Amino acid sequence: MQLTNKKWDLDFFMNQRQEVLKAWPTGAEVDLDEALAYQAEIPKEKRFVSKLNEALRDGKTLIQPRAGVPLINEHIVLLSHLEQEGEADLLPTTIDSYTRLNRYQDAQRGIEESKTSGKAMLNGFPAVNHGVKGCRMVTSALKKPVQVRHGTPDARLLAEITLAGGFTSFEGGGISYNIPYAKNAPLQDTLFFWQYCDRLVGYYEDKGISINREPFGPLTGTLVPPCVSNAVAIIEALLAAEQGVKNITVGYGQCGNLIQDVAAIRALKQQTMEYLDRFGYKDMEVSTVLHQWMGGFPADEAKAFAVICWGSAVAALANATKVIVKTPHEALGVPTKEANAAGLRATKQVIMMLADQAIADGERLEHEMAVIREETDCILERTLELGEGDLAMGVVAAFEAGVIDVPFAPSRYNAGKIMPARDNEGAVRFLNAGRLPLNQKLLDFHKKKIQERADAEHRGVSFQMVIDDVYAISKGRLVGRPH
Amino acid sequence: MQLTNKKWDLDFFMNQRQEVLKAWPTGAEVDLDEALAYQAEIPKEKRFVSKLNEALRDGKTLIQPRAGVPLINEHIVLLSHLEQEGEADLLPTTIDSYTRLNRYQDAQRGIEESKTSGKAMLNGFPAVNHGVKGCRMVTSALKKPVQVRHGTPDARLLAEITLAGGFTSFEGGGISYNIPYAKNAPLQDTLFFWQYCDRLVGYYEDKGISINREPFGPLTGTLVPPCVSNAVAIIEALLAAEQGVKNITVGYGQCGNLIQDVAAIRALKQQTMEYLDRFGYKDMEVSTVLHQWMGGFPADEAKAFAVICWGSAVAALANATKVIVKTPHEALGVPTKEANAAGLRATKQVIMMLADQAIADGERLEHEMAVIREETDCILERTLELGEGDLAMGVVAAFEAGVIDVPFAPSRYNAGKIMPARDNEGAVRFLNAGRLPLNQKLLDFHKKKIQERADAEHRGVSFQMVIDDVYAISKGRLVGRPH
Amino acid sequence: MRNKIVLGVIGADVHAVGNQILNYAFTDAGFHVVNLGVMVSQEEFIEAAIESDADAILVSSLYGHGELDCQGLREKCDEAGLKDILLYVGGNIVVGKQPFEEVEKRFKAMGFDRVFGPGTPPEVDIAALKEDLNWPKE
Amino acid sequence: MRNKIVLGVIGADVHAVGNQILNYAFTDAGFHVVNLGVMVSQEEFIEAAIESDADAILVSSLYGHGELDCQGLREKCDEAGLKDILLYVGGNIVVGKQPFEEVEKRFKAMGFDRVFGPGTPPEVDIAALKEDLNWPKE
């Protein structure tokens, strides 16, 4: 069928569901009416939507880890530890990579080998294999709301099982869980799969159960210029809203320059609301999330704490609604629960110390916001044009044309023409803007900024800068200077 | 003799020296000519003055730990570890508390008991007991410049021995090493003792050996309002300059509110230069130091890292010339060398990530600077008046009158009438300004700010706020809110 | 009711903040506090306890020399006739981060009735003292 | 000169950054690189090695499933006639922070010639490969 950005009609959706639920035996456990009734019993303080709205109202920044292990009991122990020792406000369940690729058979092997070896052999929680009952064991054992965090191009079955399983928030999107997470998945397909997920959330919403949705902001996590990730987040918010989603958290991965990061989060919130409004989506609730630095981390734990704390400071100063927390083990491997809790406690301390503070406003912040807004508008307008008014089709065409382009992405559907690099203050700019539809003024601005850095470093503008920047934070600084 | 702020004449100084060097046998090791020759051989990269001037020129922020253990070899091992594993730019030698009180006999007992028990029984390095030779063993074993850090009301012998011992910077001052560090030491006496120390440094300076001097900025480290510590730092800079000191680092202990802290450091630098200029001291080199939070720390190491990193961020954003680094063991006891190095590495990472960034300027920062400058002027002008033009005498009178007043100070020569508390954004204000000579406009400003907080907390203004604020950071936040 | 205490920071220690807070908190809790402030010698503690007929001496040490400074205090109390006076010590009483159980043992061996680790909140100290002085349960 | 290598990220792993950097660095160092990118199966590695007559296969695994994904690769190489081909593996090859010596042992037992821990810089990999391929010393 032809992909269009139109709310699915109920029959079509229900037909699709029959197919989807057959993909793995646990699909049979999902009974939508029973699931609605189960969700209706989950108290307010365990629901994502109410926690987020409360934080929005009070101007608070909540903290949330990433975490997932293969076996149910171990996973409960892990999350309990993070809510108690880590003082987490919101909980995750990170899904393993086989499940993300619908390789449930491999996931099953991972579960078995984890049981026999006593070691975690999967990098997350295989929720589909554990089924609705397994999920409910997890979500009911905890005091805080729990979200599904993954990276799954086709998350239809995962969404069915986890929402029936008592999760109250679902991360991802047809772009953000494809381009950084897949190699061969056509965008048409993943956009369609995610219309399904959004339609499912919309269905719950129609029945009075509000589920939070969160496009994955950071994309490849490595020097992604704010306008690229903001454009994707706004598109995914619009696509979700069309299918009936009401409560959306738009996200952004910290780039490292304070002013740029604060500007990006503010612009993201503003423009998301403006575009939702422009396309007539009413009663939308929009919150924001800042991801602490998503690129390569320093191996040293003290230095990792520094990266974590600086990300926390930015989240607080930008007044993001929540912050996703890294751990001192980031560079080495999936963290122990103790390392994870330590990252959370450090984050909580920074957030609380900055809870009552704001960044000094000023011209530079205003200017940075104006730049990001204008760039984002350029990308979005051209995308809409390419789709001849249809946003979903526009996205497919935009990626084909390099109008949206994500650096370092593994997907063959991504043009891979842009090259980001830091300017002399560490803000991420375009060394090469590829085919992004930025106007000349913007292109000149980026060129000037990169040239300033080259001059300061007494070297020419080159790809070596990009490489230096990729390693910079893991080597102990923000801008990858020569020698 | 009558205390006046006049450069000591050489004969008087040399006479005083004879007495001072007799206070402990190691005094006899000091031969000033030989010491000058020894200092002249210390290469540039091991001198405080050149490192600081280089950092000033390049706009860099250097990092420096606190550290000291009783025995020479262990102390060398400790400092080597901090320069290698901690990436320290500048090194310290923290002196033990008996030495600080000239109780060299007790220090000797501490050395002996440390040897026999194999445990450090002193909280620092007893430099006087180890003598010139012992000090040279330390300073010559290291690659980085080494400073004496202490808290000694009468540091005359310590200064003689350590400068002859190859240290190139000396912390302290007649106010800042009395009021927070002593109970019964009259200000007349300590100001006189520190004229001696400054005269000694001035003597080295006259002979072409430039030694850095650093008034101790943070005072009691606990909710000290910026104007109080800035006024003291400026006074000590002026007193030092009069005795011939040329290279001064003025310091400030982080209060916790970003804007206030950046404003305080900027105002400190400006006003120090302005006052030095006004009183005719030429060719002065003025650098700044920010001390990471000096009050009670959280016991949890992850949270301690957060406090450390936030302090580092402030130092970088304020572009302080150096930052004094805390450790994750702060709440518990003198740190291991590993914990100390970890604090340094975290600090280095933050400093480097922010090296190329500046805070967004703006009205709020301007306003905060204006407030601090005006308050500081009020205190300094009144102090000068009280001394009828003589700053040294003015200081004595100002403390007697409560015109300068340090919160939580142990000294009986401190009025102890002011009561600091945080406002609703966490900036330190006066809940009670005691007898500080602030004008009505300033008093009203503080009153308004404290009232705003009281309103936000739905409670009256009271001493309980002060108590809550004393505990706040160690309990995980900046402002001590009720329940 | 037994409620008279002598409070102070022993030795060459000038950490004044905790002392001021303890003074406030114990007074607030109904104790009669003789606060000697910082830099208090063993002799000053004992004199003040005799003069005020104190039920307990609360010794603070923060700066690390606690072990050297506290040696012999119990013996001097005994000699001065303060036979069964309660002796508490608290703060950062040794140099560095050491296992609390060992530290506690060493100070109990020196004759202290109770030993409190770093950062103990006043509520805990107050509850302990009320118990040891047999205050009626609330 | 033996300088032909096959590069790729094994299994369901999509970590693309390190792969792009390795591609750049090895090419820059004079190797002929066949880069398969991310999500490469064992079969694809082997096919590419046969086709390009490669001297070494460099397997990256970042996402934690390396141990499952790499099982049997050496055996399949043997079956395909790639008898003594050099096999390297590197990245975050197991789940979590584990002692490197143990991890190395397990992967060597699986038939890898060299095993590289997290964050190894390209200089180190390149030097090792030059040595194993008997490049003349510079």
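So that you can tell them apart, the chains are marked A, B, C and D in the order they are listed, and the count of residues begins at 1 in each.
As a working rule, contacts are C-beta pairs under 8 Å (C-beta built on N, C-alpha and C of every residue); 3 or more make two chains touch, one makes a residue touch a chain.
Not measured: the values here are computed from a predicted model.
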Counting one step per pair of touching chains, how few steps separate subunit C from subunit D?
-> 3
Without counting subunit B, go through the other chains and collect them into connected pieces.
-> A, D | C
Specify the chain most distant from subunit D by Cα centroid.
-> C
Between the Cα centroids of subunit B and subunit C the separation in whole angstrom comes to 30
In angstrom, rounded to a whole number, how far apart do the mean CA points of subunit A and subunit B lie?
-> 45
Express in whole angstrom the distance between the two chain centres, defined as the mean CA positions of subunit B and subunit D.
-> 54
Which subunit D residues sit where two or more other chains touch them?
-> none
Multi-chain contact residues (two or more partners), subunit B | none
Chain pairs that touch, as defined at the top of this document | A-B, A-D, B-C
Mind pulling up the subunit B residues that touch subunit A in the complex?
-> 256-259, 298, 300-303, 305-307, 309-310, 312-313, 317, 341-350, 352-365, 424-426, 473, 476-479
Quick one: in the complex, what on subunit A touches subunit D?
-> 96-98, 100-101, 103, 106, 109-110, 113, 119-123, 151, 180-184, 220, 222, 295-296, 299, 329, 331-336, 339, 408-410, 463, 467, 470, 474
Note: in the complex, subunit D contacts subunit A through residues 11-17, 20-21, 24, 37-39, 63-65, 67-68, 92, 94-98, 118-119
